[in-house]
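To keep things clear, I will list the structure first and then write my remarks on it.
Order of writing sets the labels: A, B, C and D. Residues in every chain begin at 1.
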Amino acid sequence: MIRILSRYAILFSLTLLSLCALSFSLIYLFPAEPVTTLTGITPQNLMQHEALMNQYHLNNSIIVQFADYLSELFAGNWGVSLISGQPLSEEIMLALPATIELSACAMFIVIVVGIPLGCYSGLRAYSTTDFTINSISVTAYSVPVFWLAVLFILTFSLQFGWLPLSGRINLLFDIPPKTGFLMIDILLADNVDRAAAFSDALLHLILPVLSIACISTASMIRITRRSIIDVLNKPFIIAARSKGLSSKQIFFRHVLRNALLPILPLMAMQITTLITNAMIVETLFSWPGIGNWLIQAIYQRDYSALRMGMLAVSTLVVMITIAIDLFNRLIDPSREKYESVTI
Amino acid sequence: MPLLDIKNLTLEIDTGTQVIKALDKINLTVNSGEIRALVGESGSGKSLIVQAISGATPPNWSITADRMSWNGNNLLSMSEQKRRQILRKDIGVVFQHAIASLDPSVTLGEQLEESLPDQLIEGSWFWQRAQSRRKVVINTVHKVGIKDHEQYLRAYPHQIPTDIGQKLMLAMALISQPKMLIADDPTRGMETTTKVQVLKLLSRLNQTRSLGILFVSHDLLAIASMSHSMTVLYCGQTVESGKMKHIRKRPLHPYTKALMDSAPSFSKDLPPKSQLPTLAGTIPTLQHLPIGCRLGPRCPRAQRACVNVPAVRKIHDHSYSCHFPLHRDKV
Amino acid sequence: MSRFSLYDDEAHPSPWQHTWRAFKSSHIALVGLAVLLLFVFFAFFAPLVAPYNPTYQNTEALLIPPSWAPNGSIAHLFGTDALGRDLFSRIMYGCRVTFGTSLLVVIIAMLVGVTIGTIAGMLSGVRSSVVNHLLDALMAIPTLLIAIIIVGILGSGLVNSMWAITLALIPQFVHHTRSFVRGEMKKDYIQSSTLDGASNLQLFYYSILPNMIEMLVVQGTLALSIAVIDISALGFLNLGAQAPLPELGAILATGLDAGYLAPWNIAIPGVSIFLMVLSITIVGDGLRSALRKRVNR
Amino acid sequence: MHKWLVWPVISTALLTLLGGCSPQKYSANYTNGLVYCSESDPISMNPQLDTSTTTADATAHQIYDRLLEFDTESGRIRPSLATSWSVSDDGLLYRFSLRRDVKFHTTDYFTPGRPFNASDVLFSFNRWRLPQHSFHNVSGGYYPYFESLGLADNIADIKAVSPYEVEISLKQRDSSFLANIASDFSVILSAEYADVLMSQGIPERIDRLPIGTGPYQYADYQKNHYIRYDVNNDYWQGTPASKALIFDITPKSSLRLAKLMTGECDAVAFPARVDHQIIREREDLVLAEKPGLNIGFWAFNTERPPFDNPSVRKALAYAIDKNTLIEAVYFDSATRAKSLLPAASWAYQADAQDTGYNPVLARQLLDEAGVAPGFTMSVWAIPVERAYNPNAQKMAELIQRYLADIEVEVNIVSYDWSTFRRQLRQGNHDSVLIGWSADNGDPDNFYRPLLSCDAIPSGTNRARWCNPAYDEILDRAIQTEDVDIRKALYFQANELLFDKLPMVPIAHAYRYQAYREELSGMVINPYGGIRLGGVTKQRD
């Protein structure tokens, strides 16, 4: 166990290091002054330029620069945004939770809807129900997420007027962002009608979450279904039947577990897709998340923000992926067989 | 009354493009306390019979039989639950691929406990029951010849060697103290010493508890000594069936003879260094089954009549299906 | 000596014939293939069949509804956009741009991915593990993020977005090729070839590659649908194809501006992307199940 | 076989899907507040530092007041923080009496110790006027509006006669001086706040956490997301009815309209031209319109060859059909521009010369100038909607087509608004589609910021065109109050501009404002930014 944990710790830190190296190399790759990309400050004159160069050791060798870059990163000094002049750490810490909130809700739906439907479809393989579920999921899987979001807005916000379309909550609620997670912030906020704020925030969640969840749910159904069918054809299920176990016992004790284990790593890949979709959808729903933030940053050519945003998002994703893999490794006994650890 | 009585069992597999008759009018009986060998080349449908009996059939299989009864109760028409009860209490099944037939995500101990019917557990409190359960499991494991139960009960299937897996599979089938054991090649690939152990165990159980055994194998040598009767399969058709000693002495079907001849120890008068006799060709695949007698294309005695399925003929309790049987020419 | 043959000899169709037969048996897959072929046709022959030049702005005919609407005109089958460009022609060219670039991207990614994957699969020890980890880390980074960074470095444009998507697709191919090659390397037939003295290159070309093609085709259709969605998403976000290049995502984004007045400018490009991805998915699924059926025999 | 699974699965799936769709209509009326959907982020919280409408909208009339202001109906100048003013006969000395008991905002970060007085006026003017002023270089030291007008140089002195009286003396007569004082950019900051910040060593805060005297006070700002204002309970014109004002920053016009329709916005900035018809058709929305004092134009970067050659510029002008542009981009809600001034201005020249559509002549002129076929140029299109150009991207695409006819290739360039302006100021463009909205009604407000030499460094002269003769005409024009003389001089300027053509005037557009019918008090400010102080929202 400790061996596995330490192995993953090393793997994680190595990956993190390479991501840091990548973001560091962006300083020289972006079409702007390295100093500017690094600090977010456009030097007004030569003296300031010189001072910044010295402060960040940009005149030294690359190794020293990188070491310095790392120490600044860990000290929490991430530079400031080229455009707004705000510290990037603050902006990212506000934007990231919004995306996490959105993705987590979507992931919840994906799991709660996708896995049961996939199981059902897999158990009833080649029946009419299976065919229906399967066709719906293939269809949903093929819808481009940005178009789906637009359709949702047109239907549910504009046509029926049921649901709001912008942001996380009506801006008239003055919720000070303490944690960045709106649901928690509402609880922490004073002077607001918490119940009203809560239901308003939930209403705001529905459309973006559904737009993201639809596609991922569809792939989750497909993956689960296939996995269930594969497991059902395994000899040990036949063996379990011959023991006289009921379908229920077989499903919960033998099928589900063995079907879900291989899904887990695929789920990690789903999260990547989900976050990509979340980033696209954010721009349509004016969701103040990291995707919206990054896309604004690229429109504004805010290089320092891009550099840190890239590092923050990829670290988050890699962290989730490695965590899922570790979890998978810990609960899946047969994984010990494979020598190589894959994240 | 026979424990298991199967008459004209037909199994059809729908592959989506065509319907394959994988088993064609199979007859099989196992009496209480009898060891019946079910013999045939691989691909002859032995394992399909086992699956058909154990009831674990995929949706694209359709099973029809004139009779398929357990202790006089029709297995095909009884309720799902009743059938499950019979499987749980009275029939133990050992599958061919032991490791693959064990759930890879559950420890062996748990899987063994799972096979134990509640009736065999003593105690009314859950801790008593857990204790009792564990005791039965350890006993059974010892019985099949595994001494180091601690190590293996905690292990997962992929961590154990194949022969241990096979033994555990056996333990799992025996733990419910069944009336009949269906063993699908339980000694496949085992070392000879281990194999002898297992066979001895089965014989002993057969004698002491009058356990009926359906022993499926292509290893004639191993089962010839212990079985009472034998059924020979070829391509999903029953070729010959009868008492072991009768068949050994005088096989009536050309295929049975070929099978016997291919095992050197059965042909005592084989000259040294001579070639073993074999049938020409190979066993056809399920998709390309010949019509009529399925041995037809390979049979040295085939004649025109062989395009029709031969009827079952019976001499005492020795039955065969052949138009031109051996040793009966003069009749 | 001629053998008496009472029974038909087994016909032995080639693996591809097998696959095609199995594929053919599914009607949905055939419909999907037909739609896909239509898109392929557009991709290759758009200039020949499109009624108008996709960038020609007919300022006399702004926002004309599609021909089936009451005040639509048959001259413009799908109507026109806010600049008076014929939507039907733009969609055709859009298929050419979106589908064509996606195909190109997938082919490049496949070539690179298979090369790296094979090397990684044949390597062993530390080097292989390093390659694996780097690639897996790369695979975890969302496509959009890679695209944003590439746009940051090179500026926006269709070609740059193609680079980004290629880069994002490569790891998948590497991953699958690697695990496939690793699995195959353990098999006996490779062992026996090795014992015959085959070099790694020969091993790959004569033994592994023929077995891998099916996996690549299936993986390729998957990657193609991802590529179409990603290319159009980047076009939609204005990070990919720039005006006036007719790219389906970009057409949709422009359509949004006049969305309330001219909803067909949202509906038609969206439906086109959707149908394109759907047909690719269906054909991919059909292929996969056909292959599975063949293997299961 | 698996019947036991059916119901849990189906009900879970349905519950999750349906749980969201509660049938009641979404309504946003929770708090007494006003939501205005703006199109972009303000550059700063101080309009002195920026000329963009976005900045002016977000700050000028919300947070601040000026000494004078324009009447929204008549467009005349009327008192604001100054209760009255007088001008000396030579037109060089202006005296303002100031309003008493005007309180600055009380916020989390500042509590004023005294009401508004002359020292605040001095501070506000001297900040942009005097390079040696301690606050001049804070936040870049760059005051484009005043620099482009040369106002800083023209003010000789400014002094407080008494705490409530201020005197400003000019070096030369400037007939547009009062109009400039009333413009969005001449806001009054708090000198006391500045001192506090200076003593704390954080002077740049003055432009990030603003303090003014306006109807709303700054509360919170998140880039790309929102600006939140609280009501100023001590506002001297009476406390506004809404307790809060939110600027919901929504760059896409289609989204702004959607939010207006769902009621998530009470009013939106720059409704897109294509959507006007829809807004008019809906009963719950109001579309107000007014002829605007603005101009949309296509400016060439005259510092870059071959655009330094007037005949190249002319050729490009002849290559485009302005009428089509107006029809396609403005949907006929604009009039064709011949000169810089719209018809509403008193100095409008009805018979000014104009370039027609003549691609043959265009190609000929290019050949003469030695510009070979296949020449590539960039057209920069502003990324935001403006009254003067509601869809520059579309216009650029049309121009791209026209120029293709004369074998000139066009790259359309567009960045995010703030980046766009930064790049533009550095002169990285070949040509740009942009425009100008008047800050006051004086013709000088068009001619000078757009094309004078002073306006190049200040960044409002997009053509980067400098012509001493032109500047001289403008200087002569503001030194007299005689309307006829001024008219003649501006006609002369028009002639010069037609000859040199540093930019192609395209259209004068109407100004539009879309809002929900619950709002009352929405008026279109003829000059500059939106005023939300007097707006109230009725509730049922």
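Keep in mind that, in the parts below, contacts are C-beta pairs under 8 Å (C-beta built on N, C-alpha and C of every residue); 3 or more make two chains touch, one makes a residue touch a chain.
None of these values were measured; they are calculated from a predicted model.
Trainee: Taking every chain's C-alpha mean, which one sits closest to the mean of all protein C-alpha atoms?
Mentor: Given all protein C-alpha atoms shown, the central chain works out to be A.
Trainee: For the chain pairs C-D and A-C, which is connected through the larger number of C-beta pairs in contact?
Mentor: A-C
Trainee: For chain A versus chain C, what separation do you get between their C-alpha means, in angstrom?
Mentor: Comparing mean C-alpha positions, chain C is 24 Å from chain A.
Trainee: Can you give the whole-Å distance between the Cα centres of chain B and chain C?
Mentor: Centre-to-centre distance between chain B and chain C: 50 Å.
Trainee: I'd like the Å distance between the centres of chain A and chain D, where a centre is the mean of that chain's Cα atoms.
Mentor: The separation of the two C-alpha centroids amounts to 39 Å.
Trainee: Which chain D residues touch at least two other chains?
Mentor: 1
Trainee: If I count partner chains per residue in chain A, which residues reach a count of at least 2?
Mentor: Within chain A, the residues that touch at least two other chains are 299, 301.
Trainee: Give the list of chain D residues in touch with chain A in this complex.
Mentor: Residues of chain D touching chain A: 1-2, 4-6, 8-9, 12-13, 16-17, 20-26, 28, 30-31, 33, 35, 41, 140, 219-220, 222-226, 228, 244, 246, 248, 250, 255, 258-259, 261-262, 264, 383, 415-416, 418-419.
Trainee: Chain A touches which residues of chain C in the complex?
Mentor: Residue list for chain C touching chain A: 128-129, 132-134, 136-137, 139-145, 148-149, 151-153, 155, 225, 229, 232-233, 236-239, 249, 252, 256, 259, 263, 266, 270, 273-274, 277-278, 280-282, 285.
Trainee: Help me check something: in the complex, which residues belonging to chain C touch chain D?
Mentor: Interface residues on chain C, with respect to chain D: 55-57, 59, 62-63, 82-84, 242-244, 256-262.
Trainee: Touching residues of chain A toward chain B in the complex: what are they?
Mentor: Checking each residue of chain A against chain B gives 125-126, 232-246, 253-254, 257-258, 261, 332-334, 337.
Trainee: Note which residues of chain D are touching chain C in the complex, please.
Mentor: 252-254, 257, 272, 274-275, 277-278, 324, 327-328, 391, 393-394, 396-398, 400-401, 412
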